[in-house]
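Chain IDs A, B, C and D follow the sequence of writing; residue 1 opens each chain.
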Amino acid sequence: MTINKIKTPIVILNFKTYLESSGENALNLAKDLESAAIESGITMAAAPQATDIFRITQETDIPILAQHIDPINPGGHTGSNLIDCMIESGIKGTLLNHSEKRMKLSDIDEVIKSSKERDVFSVVCTNNIETSVAAATLNPEFVAVEPPELIGSGIPVSQAEPEIVEGTVAKVKKINKKTEVLCGAGISTGDDMHAALDLGASGVLLASGIILADNPKEALINLVSKI
Amino acid sequence: MTINKIKTPIVILNFKTYLESSGENALNLAKDLESAAIESGITMAAAPQATDIFRITQETDIPILAQHIDPINPGGHTGSNLIDCMIESGIKGTLLNHSEKRMKLSDIDEVIKSSKERDVFSVVCTNNIETSVAAATLNPEFVAVEPPELIGSGIPVSQAEPEIVEGTVAKVKKINKKTEVLCGAGISTGDDMHAALDLGASGVLLASGIILADNPKEALINLVSKI
Amino acid sequence: MTINKIKTPIVILNFKTYLESSGENALNLAKDLESAAIESGITMAAAPQATDIFRITQETDIPILAQHIDPINPGGHTGSNLIDCMIESGIKGTLLNHSEKRMKLSDIDEVIKSSKERDVFSVVCTNNIETSVAAATLNPEFVAVEPPELIGSGIPVSQAEPEIVEGTVAKVKKINKKTEVLCGAGISTGDDMHAALDLGASGVLLASGIILADNPKEALINLVSKI
Amino acid sequence: MTINKIKTPIVILNFKTYLESSGENALNLAKDLESAAIESGITMAAAPQATDIFRITQETDIPILAQHIDPINPGGHTGSNLIDCMIESGIKGTLLNHSEKRMKLSDIDEVIKSSKERDVFSVVCTNNIETSVAAATLNPEFVAVEPPELIGSGIPVSQAEPEIVEGTVAKVKKINKKTEVLCGAGISTGDDMHAALDLGASGVLLASGIILADNPKEALINLVSKI
């Protein structure tokens, strides 16, 4: 079993900063992802808060992502996230430019480059087709398109705005065959994920729909049940 | 021995984002602080990167501070530092408004308040007498005055600009008797620390002078040798 | 008549970035303020967008404030607001730290100082009693307290939370007798303004209630009718 | 004579926030650009501070650019730059994402779109080939590539790193034929500009080299003397 490998279709769970996904709860949620990955054979990755990365990588085998990496080199940058420190704690990838942590264009470029040099894969979050294409030219492993108005809405982008997923896949692939497209925003059921893959996405980026579920593991199994 | 208590004089080491104070090196540096605290009887606290907090609190007994806390409540704040998560990982205090991570006035107020509610002590970094007084009105446990031009300079503020330390102590105490004043910027020797305490400071906030020392533990013992 | 003098009680109208207060409309609104000032004998000042400062100072005699000044010296700061340039265009004062443009503590300190050196008065906006006191220690001419939840609500702070206005006046005066307190957020009628002055405020900071009024001049005359 | 038309080769002078290019000095500098445009027949445009836009558009006929536009709609955005207000004051174009005012990727996208809707041309500043290509996918009229280490250095990018100018032109044109490439950083003489055009650039973005020249008009005439 290779639950620690990145293969598509992929489910990435952004833990954000909920209490339900902090500390001990974060560890339990990561274990749910691990069980669901073993049971389903689908890659499941977690993006916990920086403070929780180490304890999760010590106790689970799933791929762990940072939620954000700062465009800095080692040195005097109090309060910032240094990629080398996060790698030593076990990250394999990172989210970048999340709608709750938008980044400057030049910083996205810089962090993708330093991630590549260190074999860390990057998932650049974007808000529409145009910024997805712009991000894809910078050569990240993934672009995750999430229309901001649907984030946390419970309305799946794959149903509400399928043309955004389809259009992003088509235009990103034209620019850069190696960048895979994920979709986020409102995805939570097996039907949503099925629709997303049908539209050409290589996986999904999720958050509150799973984090706040009564039974996250069951919700994850349900999510991948129609692939 | 009570190395996990906050008593003055205090030495706080800001680990910043040096490779020499990241990951395994961060853990070793924290152990050096612990040994020096035991040997000297002086309180020594560490402010490591968020990613390293958990592993350090698991293996040492010294007080651990966050380098920064974001003004957020639990929820959707990807890439931010949630106080509750950091507390669960073991922080006892936090730096705020470091010169490398300056904060908005309203955010400093908000984070001091949420820290107090959770018994986390706050150390507000400031750049001069005026901002030290403004910060002191917000009732943090400590203000750490650091003239920016001396940070990382190797020139100790206690010698180069003693009037800033003395003036800060005098004016802060006039506003708020409960806020203690630390000084930073350029402090590294026993003479520097002695001078700082003589000027009325309750301790020091250090970084590169110790982090990059050939023998950090020895440097720490030397630092507190003339108290 | 001395409508260009700053005396209390004062009415300051923040033009924000409404179309109704941009360009030609901004000029007309400033002329309404001027008429109302002449008619009522009350000081009325305008804080238009940077782009509109020059044309308004050319055609009216009321005091003009910047909405924001950046903490910079002359030089390479593309896209920033240089105090010297704004003074040459005729500003007499500036808003700082508005809830829509919060500033770092150290930057508020820096801009108040450079304003004082150039005889520009500063109005520091704040969100509660605590930050008002902190701001007052930095010695601005005015603090304008505006609970964020009431901004643009139409609910006047002087009625909804009179204790905030009263408390701010009492605590600010204890720290710094020279700093006057304004109140904002939801003020629009003569009763609101009367209540604000009764609570110890030296004037009001207004925006949408006047900008979007059918007849701004009439609304201004009404506002000061019960002083 | 059509000095108010945008045709290439173009010279754009970023006034930044120098005293030498503020207020009355800004107006004089704009008149120097105008004289040089008339004398040389080359398009010369100015990007003054927001505060100076109106007075310059009133007294000169050259195209005026904003230094920055904020990603906002009309409403409550104190201290921001609203495109509609700037258009009313006469801008024809705007710089975006200058190295001194870097923008988030999603904000660059948003402001290019609202500029296009209003027939305002945009010049997106970039730091290398990769970010130039990313910016070009967003369809601005111009990309201005400026290696940050050369800005204000006096070392012309067209000589120090010609491969950056050439590479940017080649890769941008491959993505988007309609986006023209400018180069900046260190350009000041006729040879520099000649080299830039030879490398495929459609013009130059300048600042201190002209602003601080003893005789700016002469420097401008010299700059375009070898086209």
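The rule is simple: a contact is a pair of C-beta atoms (placed from the backbone, for glycine too) under 8 Å apart; a residue touches a chain by one contact, two chains touch by 3 or more.
Keep in mind it's a predicted model, so treat the numbers as computed, not measured.
Chains that touch both chain A and chain D: there are none. As a whole-number value, the distance joining the C-alpha centres of chain B and chain D reads 44 Å.
Chain B and chain C have CA centres that are 37 Å apart.
Counting only residues that touch two or more partner chains, chain B has none. With chains as nodes and touching pairs as edges, the resulting graph is a single ring in which every chain has exactly two contacts.
For chain D in complex with chain A, the residues that touch the partner chain are 97, 102-109, 126-128, 130-131, 133-135, 137-138, 175. Those residues of chain D that touch chain C in the shared complex are 14, 16-19, 22-24, 26, 47, 49-55, 67-68, 72, 74-82, 84-86, 88-89, 95, 98-101, 151-152, 207-208.
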